[in-house]
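Going by the order they are written in, the chains are A, B, C and D; count residues from 1 in each one.
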């Protein structure tokens, strides 16, 4: 019936679909995710190509800088999510509509895929597979002389949940909560989130030989999986399930303890004292 | 009698116990301490796993960044202590009630323990013991071929007191004193305290072979001790006694020379001149 | 006829030509590009001369710092383009007149050429050729014992377009859009653009042996080509065509999705809600 | 006659000589230059002593930090020149009087000499000569087995002029122009100038074997020459003539294109449009 459809429409805020605004914002998410994955993957390949002694440290620094710049550029146009985990949690906490979330996640997935394909085309098939396009995996290729190494799916999922929650916990407190963003300011926030993700890349990247580290961004993980295929799809679900669970946990916490609740408490106390 | 109970209640501010605010603030301390110990320990293991030439420098930098982000995130919800030494001294200087301090220290201890158990589960028993979960100890494991090395408890206690006091002295001047925080600002303060703690980690970490360096945060030290047990409990009291004594010294100094006393002196002089 | 000439004149804003302002601004572009190429090339030669293990990383950092300082110095006098790619796109988006763009690009080209000749004169012919004055090329010199290496022109052009667009996309959002610059502020913006270009230098510099990496600044590439001649002119068009195409793409995107469009959308929504 | 003397006095602003202010400011310049040369030279010797793989990079970083701190400390008392090249150009652009310039340059020269003598006394004659007190020279000592190496005086003078002008060009735009300093702010400006001088030290330091790199600060060069004597005086004039010529060029440019001329132009245009 019309009533049911209009109710559904107002719940999903389908009028978002009819405006060009959400299309353009999704285009920005596409471009920013494309830029982040393209430049980030080139930096990763350049680092591994050079033979650094501590490549994970160098990769973490360059990913942090690339992400910071992409957020800084995209924030005034789309919010600068560039990560389905952020978009999903923003939807759960009611900051964006389900329709906008769908647009964003599709755009992020496409941006990552196109960037991975572009890098694969530029560096060639051999180099792309050698460094797996900087992608996400639990087990690197088994070499003929050694047994396969890596991390079990259960442990990887636990790590993925905890580190994604860590990213969300800090990101909400410094940037995503509308009451907190003006305090951090739009200049510092992208750097804090860049440092945050750089920390997570370093924390997981050297932990277990053969394990690429936590993704904390399923969009970033999707591109190399599509571009390379085959073994890159193995256990790929972990990099989506982890952030999804972390987003649910964050949304629950956000309802119970909003990031600005100490200020609200201080205001209430002040109100009681002045009575 | 009722009078005695109401007096005791008002001294301890037991109404804190009845509001949900302190429960939620303690939950934030739990999450922030969990995040700090979890990510910090992973970074420490990643660093030691990679075989850096100067691991203590790298660990100090990553701990400083992790701590900064956790304080930045938790500050608007709980004050962002994430350290029983800070909570204890805040109580002694009258900035928080004894009941709130008890909640916070319990939450910090639990957060550190759960984080250490989670890391131990993810990296496995062997790796956890190999790097001692980045914990606090005076003597590393004696190897069969060499005699036990490390630092004597008396000297370690002295170092613990001095470095904890150093942390408190700077932290009060840049952030914990209510008159000074607006000058530093809520954005810069977490970074200054992160640098401060990073300095302490670097200062103590290379001092004596086999000695892990000063803790300056008993909560952080408790987790690995509970998760690993056995020799990690040896001389563990040093990491609690040192900060406790330093907190008493800081509280005494805070009464005599408040961090803003130079400004007050300037104001008094100005008042005399205008008379 | 007079009408046609006055129309042409007003389209090109030829009165710009008659004022001394544009001459002086172009002089600043000349000096700033000269300084950037001169100091940048000396840093590159110093780095390669020292035999760093990871010269591209060191070069990227020093180029980022040099560029930041030159933009910081030139911005209040000319806008601080120091890059024909920026000037070209600023013209396409209507922020500067075609006449001013012509002045700027000529000044940038001359600045780069004079700087490269000055460095060649100071370090001597052998050293200048050994390190190719830090110039832009797809293939390094073929050595007698090995086959020529490098990147095919088609792939290099694709990389040049994408990285130039990346530079423009971020630069417009943080600095070149007049509505966005006050948000970033004139202090931070030069550093962000320096980091941005440093990232691009690192991303491309180690990708393929024998390939110098993407230019993203045709002015910087022109100087070494003129000063050294011969093989440095091979495929030089790539370093101009890439930024030219990227500029056209950026100008198109700028019309459709201006960097401040989310604010405009928020204002429109607020207007609707208050109606 | 009295008229001639009073004219001369007013041109040189000799009343500066009679106030205690200029004496105290010169004393600050002496202390700050002494600190910069003393700490900077110790850092240089410590770096070379340790056997770093890339000492010039480490030296450049430490000189940049030392200089930044010395400017930060001296700026509110004397302007924080600590460099005769800055003082000379400030006099030419009319920001300070000739008498003040004479006081400052004398103080800087004395500060550098006393610091070099102190370092020579502490580290001993052999070590002082081994590392030439971090001084300025075109040719290192000829060893018995090899021919003398270094840079010809003409080329060194050209490099000295260009890099000194680079320092002045950036320093005026970010700090020395009274209209520009409030934009950069007193916290950031000393760091920018530190980075600037660090860049110049790195740019010239590895260029030609046996050449110490450009001085861009004749005061800093004078101390080691006086303390060591003999061959350190060879071609010493280059380190004074270069900055002197660069100062004349900067003063000429400052008259024609003041750093804030774009703002003035924008104001004029706005005035025309509103007419």
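In this section, a contact is a pair of C-beta atoms (placed from the backbone, for glycine too) under 8 Å apart; a residue touches a chain by one contact, two chains touch by 3 or more.
Model, not experiment: these values are computed from the prediction.
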Clusters that remain linked by touching, subunit A excluded: B | C, D
Shared chain contacts [subunit A and subunit C, defined touch]: none
Magnitude of the superposing rotation for subunit B and subunit C (Cα, nearest 5°): 155
Copy pair subunit C, subunit D: interface residue numbering same or different (half cut): different
Distance between chain centroids, defined by C-alpha means - subunit B, subunit C (Å): 47
Chain centre separation in whole Å, for subunit B relative to subunit A (CA means): 30
Cα-centroid distance, subunit B relative to subunit D, in whole angstrom: 44
Residue list for subunit C, restricted to those that touch at least two other chains: none
Chain contact graph, described as a line, ring, star, complete graph or other shape: line
Interchain contacts, given as pairs of chains that touch: A-B, A-C, C-D
Interfacial residue positions of subunit D with respect to subunit C in the complex: 54, 56-57, 151, 155, 158-159, 162-163, 166, 169-170, 172-174, 180, 183-185, 188, 192, 195-196, 199-200, 202-208, 253, 256-257, 259-263, 265
Residues of subunit A defined as touching subunit C within the complex: 21, 24-25, 27-28, 31-32, 35, 38-39, 42-43, 45-47, 49-50, 52, 58, 62, 65-66, 69-70, 72-74, 76-79, 118, 121-123, 186-187
